[in-house]
Amino acid sequence: MPLKTFRQAINDTLVQEMQRDVRVILIGEDIAGGTGCEGDGDAWGGPLGVTKGLISEFGPDRVLDTPISEAAFMGAAVGAAMNGLRPVVDLMFNDFVSVCFDQVCNQAAKCHYMYGGQNSVPMTIRANTGAGISTAAQHSQSLHPVFSFFPGLKVVVPTSPYEAKGLLTTAIRDDDPVIFLETKLLYDMEEDVPDESYEIPFGEANILREGGDVTIVAVGRMVHVATEASAALARKGIECEIIDPRTTSPLDTETILESVEETGRLVIVDETTPRCNFATDVSAMVAQEGFAFLKAPIRMVTAPHTPIPFAPNLEQLYMPDPAKVSAAVQQVVGYQG
Amino acid sequence: MPLKTFRQAINDTLVQEMQRDVRVILIGEDIAGGTGCEGDGDAWGGPLGVTKGLISEFGPDRVLDTPISEAAFMGAAVGAAMNGLRPVVDLMFNDFVSVCFDQVCNQAAKCHYMYGGQNSVPMTIRANTGAGISTAAQHSQSLHPVFSFFPGLKVVVPTSPYEAKGLLTTAIRDDDPVIFLETKLLYDMEEDVPDESYEIPFGEANILREGGDVTIVAVGRMVHVATEASAALARKGIECEIIDPRTTSPLDTETILESVEETGRLVIVDETTPRCNFATDVSAMVAQEGFAFLKAPIRMVTAPHTPIPFAPNLEQLYMPDPAKVSAAVQQVVGYQG
Amino acid sequence: MEKSKLLTAYRKMRTIRDFEERMHVEFATGGVPGFVHLYVGQEACAVGVCSQLEGNDTLLGTHRGHGHALAKGVDARRLLFEIFGRAEGLCGGNAGSCHVHDSSVRYIGANSGVGSGAAIACGVALAAKTRSDGAVAVPLIGEGAANQGVVLEAMNLASVWKLPVVFVFENNGYAEATGSDWAIAGGELWGRAAAFDMPGVAVEGHDFFAVSEAAAELIDRARKESRPAVLELRQKRFYGHFEGDAQTYRGDGEVDYLRSERDCLTIFTDRVIAEDWLTKEELAVIDEEVTTLIADIYEEVKEAALPAESRLFDNVYASPY
Amino acid sequence: MEKSKLLTAYRKMRTIRDFEERMHVEFATGGVPGFVHLYVGQEACAVGVCSQLEGNDTLLGTHRGHGHALAKGVDARRLLFEIFGRAEGLCGGNAGSCHVHDSSVRYIGANSGVGSGAAIACGVALAAKTRSDGAVAVPLIGEGAANQGVVLEAMNLASVWKLPVVFVFENNGYAEATGSDWAIAGGELWGRAAAFDMPGVAVEGHDFFAVSEAAAELIDRARKESRPAVLELRQKRFYGHFEGDAQTYRGDGEVDYLRSERDCLTIFTDRVIAEDWLTKEELAVIDEEVTTLIADIYEEVKEAALPAESRLFDNVYASPY
């Protein structure tokens, strides 16, 4: 299997799905890059280079650059999806949902229900997420909890190139609006990724590491932070089971509950801020459905209740890291009831 | 003490705070009603009549009707707050934050932090919330969890006319952006409310009913639903302690933990949808900080993971009611570990 | 215009009028859930525009949408059932008055923030353009909603993407209780078209013929050239913003004036009779048929079955969750 | 223009130029965190506009804001410290390049969605109007950002509320890697002013005198009449969208042309010398002072203290939480 970066895996998937289904179109700012300019009309592939080459292959009727008008083009995607296309929208930073929130969380999410099932809204919204490259308070948020809040949306947070390809394939073929969140710090991660296309189903968690002492549910890049912590913990004789839910909505509650039934202990690692987030969501689910299994408090490792600072040293402090995860795991393992 | 409706209590508070501080101005659609018309220029006071009479008393320089441009006038409120005024913005339905999400959750919430504390953003956003009057999927949401997610915002959910007045007074005098959520079904609720102004501090929960068997944390109108349920439960010999947090951000975790320490059992009642919401937030906090107190699973009574249906019979089913609360309480009280 | 088209237009305007006048009465006596925004007085707007649409064109309505839906050919009975939240309603009771939607006749219901149909229309038109199916998309937008950012963005986008969209602004004098001229800088919406490089036209909205002629030209151009345009229709509503509105913001005698001088049904009738296009008898037949229809469906709706409880959980997702 | 004003203008443009040229080098060698958008080539825009502002007027900048900030009088050293995320930075390291802000000189930093300053400016102006302090608010807006709904809404709102706001669109040819003329229907922003009932003017942005004259008139009118206006400034940036941009979307030789024919510093210098307004020597003194300043602060910043860890938790709220 060829090695591919996260970025390449996404690019590959878009190519394959566009070849497979003419209804798939791409919409976003600078997803070609060069539109209306004198030079190269395939200059950028988005600010992060993910869609490079696609306009050359599929042309401007299927790769649509846009004015900086998220509300209009996201709304247009909803309309196109209701009228037979399958748009994949590049929102760039997930934070920019703030200028098209109505289109995403009210229209895309609720149309199918509100109209009594008459129309489906098969669209995928790709957006980068997370901190770590000094993009400050308004371009570094992890908004999967906000998306997961809204019924009607599906929310995908891949943790590796392999997952990215399989989950994006599923997303594009899915008949519902899917939010596909690409963690900034993962774009250059490399992994073996099959050339042929494959789907990874939504709502099925991946157990990355088995272990009997504690269950760690981690989302996005936090899976790697947890994995790093677990290696150190293993040397101390603590065996972690690491669960990557892959999709936060739908959520594979079963796999989490089964693991907690074995381990009796749960730590949740989530890069987002602490209030009403995905960590609280998983914790509350277990405190309701798996209470009897619990031998210790459920601990959450998240960012603090602060906006994201620009200064790199503060940003590092802001994000959960292996040390914080280790500390939490040791607390629950060492807990005396 | 005179009897006042929730609506009147808010109107009173606005009058008093505008009289007290010339920097307080009101901004919103039809908050006067009649602007630019031939007839009465104080015709509406907002679609729900809350601000009636204010333009007559304070004039159009302090009561500003607007075009239907939430992003612009919410952004203007942020700018005005940074430049010495203390705007109170009427957003009408809390759902409309979807067209000014950037202004509320990025700008108002993050300016103070991002600019290193140079400017505060003393503004209050009033908005109605909740289901129950057939306003369907896009005008009936309970969005306090989404607001509470964002650091920088304070989120207030009054449950009665008395609370509304005291909390709105605090909100307007507060130096941070405050989201003040008025439950639609409470506008006509009547209660004794003092004429003189008073503040109710943020982050201090109110214990409405003491009881040793189970703690119920309920927010907004759900406090009344819980109270109704508790009366029936008392007849069955189950004594509920009912906690109204008043503000979901900041949250009075101490009062909740102290109560759970006594009762060992927790039910949370929240009208919002079930994922990443305020119920999960409280549950997770207790599962982390108060695990040792717990004698039973923490149960959450919320709406289902569906948009809000229009049809009144379905909408009734959608909302938590005393029967659902009773069932949850009985489950945790009857729990055999 | 062909006679059959005139008859259809009259039937639609009459149906809307009677549907809404009866709704006004029903609302006052209770039993209609939620907010209801009546279209009385504006019938010629939607009907005039729809007289120029083909079967695969899409109309996008607003919260004041009963008339929009009926003009596009939505079944009055199932519309009424929806407004009453009944099982047989167009959307099974999930939408209600403000969001009624009927994909079978290519009518897209109002969606959330006012004005959002402008952007959705761009996507509908984009899909039509992609498939070269020659269809246009027509969003109706209240003049108040015209000040939503998404509407202005959509106008620019439609021009940049060269989409067959005709933005129809229904300027009915008020946005809730705020006067249009005050809230729209300069007071005119058709004039904004130039800012986004498209033609803009304003006509009196109570004149079916003026509306349909202006619509014909702009829709035709949109269809042939795949370019957007703006049509502003000026005609005040006869009732309040929503039912229950005391309307004290109106000038004295305004509604009387509107009813006597600017009633699109009277104006239409006078014209078709004067021009000998239709006869009184032909119109009377329609009047009677409509009267019967309205009476029947309003009677039926009150006994109609409510949605099954299980419907609460249906249609959250289209594919497995 | 008074001589002292010309000297100030030159010093600002020169400072911006040197600050940014050095930033370009530093970025390439690493050590500058985050995204950096340089203002080289556009100096005359912000400096020309600011030459017409009074002390209590507010300027609102964009992500391409180093030049905006310096033009409004922000201290170069503390600006640089902020960009490097140091404790002494203007915002204590919380803002960085894109959001630098300095309330002491009434400079408001870029905020989130591009274009959002247009609405914030309305509020700043509203407060000024309420207090009758005679101040105006000037949001700088990239031509790409001009297609954000909030900008268009704000233009209407400023007109309706009669606010002293001058919307300055910096049309620098590109929004990221997309051409301006393509993304703006009709290609011109000043022309949108009419749609919102205000005057609009376009001038060449590389000509300090053209900018300051146009700004003078519009700002003066805004101040006296409390009415908004639009000023479009046309001048392409010399560097990429952000540092690291390979700029293959540009036409051949474009940057060379810009540097040789449309450099605002050369044009300014030629003019003031030709007109005998300033001498070569006077300019040379400034050049030297600026060179020293830039060298000093760039040396200092690399050793400067980082923000204390406790700062992570400061300033989330202004009052107790």
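As written, the chain order gives the labels A, B, C and D, with residue 1 at the start of each chain.
The rule we apply is simple: contacts are C-beta pairs under 8 Å (C-beta built on N, C-alpha and C of every residue); 3 or more make two chains touch, one makes a residue touch a chain.
Keep in mind that what you see is a predicted model, and the values were worked out from it rather than measured.
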Reaching chain C from chain B through chains that touch each other, fewest steps: 1
Measuring from the mean C-alpha position of chain A to the mean C-alpha position of chain B, what distance in angstrom results? 30
Where the CA atoms of chain B average out and where those of chain D average out, how many Å apart are those spots? 40
Where the centres are mean C-alpha positions, what is the separation of chain A from chain D, in Å? 35
Name the residues of chain A that each touch 2 or more other chains. 66-67, 69, 71-72, 95, 98-99, 102, 106, 110, 113-114, 136-138, 151-152, 305-307, 309-310
Considering chain D alone, which of its residues make contact with at least two other chains? 89, 91-95, 99, 111-113, 147-150, 153, 156, 160, 182-184, 316
Can the chain contact pattern be summarised as a line, a ring, a star, a complete graph, or none of these (other)? complete
Complex contacts: residues of chain A adjacent to chain C: 25, 61, 64, 66-67, 69, 71-85, 87, 102-103, 106-107, 110-122, 151-152, 154, 174-176, 202-203, 250
Residue ranges of chain A touching chain D (in the complex, touch as defined): 29-30, 33-41, 43-44, 47, 65-72, 95-96, 98-99, 133-139, 304-307, 309-314, 317-318
Where on chain C does chain B make contact in their complex? 33-35, 85-86, 89, 91-96, 98-99, 111-115, 144-145, 147-150, 174-184, 241-242, 246-252, 254, 306-307, 309, 311-313, 316
Spell out the part of chain D that touches chain C in their complex, as residue ranges. 147-153, 155-156, 159-160, 182-186, 191-192, 194-198
Which residues of chain A touch chain B once you look at their complex with the stated criterion? 71, 95, 97-99, 101-102, 105-106, 109-110, 113-114, 136-138, 145-146, 148-152, 249, 251, 273, 275-281, 283-289, 291-292, 294, 296-300, 305-307, 309-310, 337
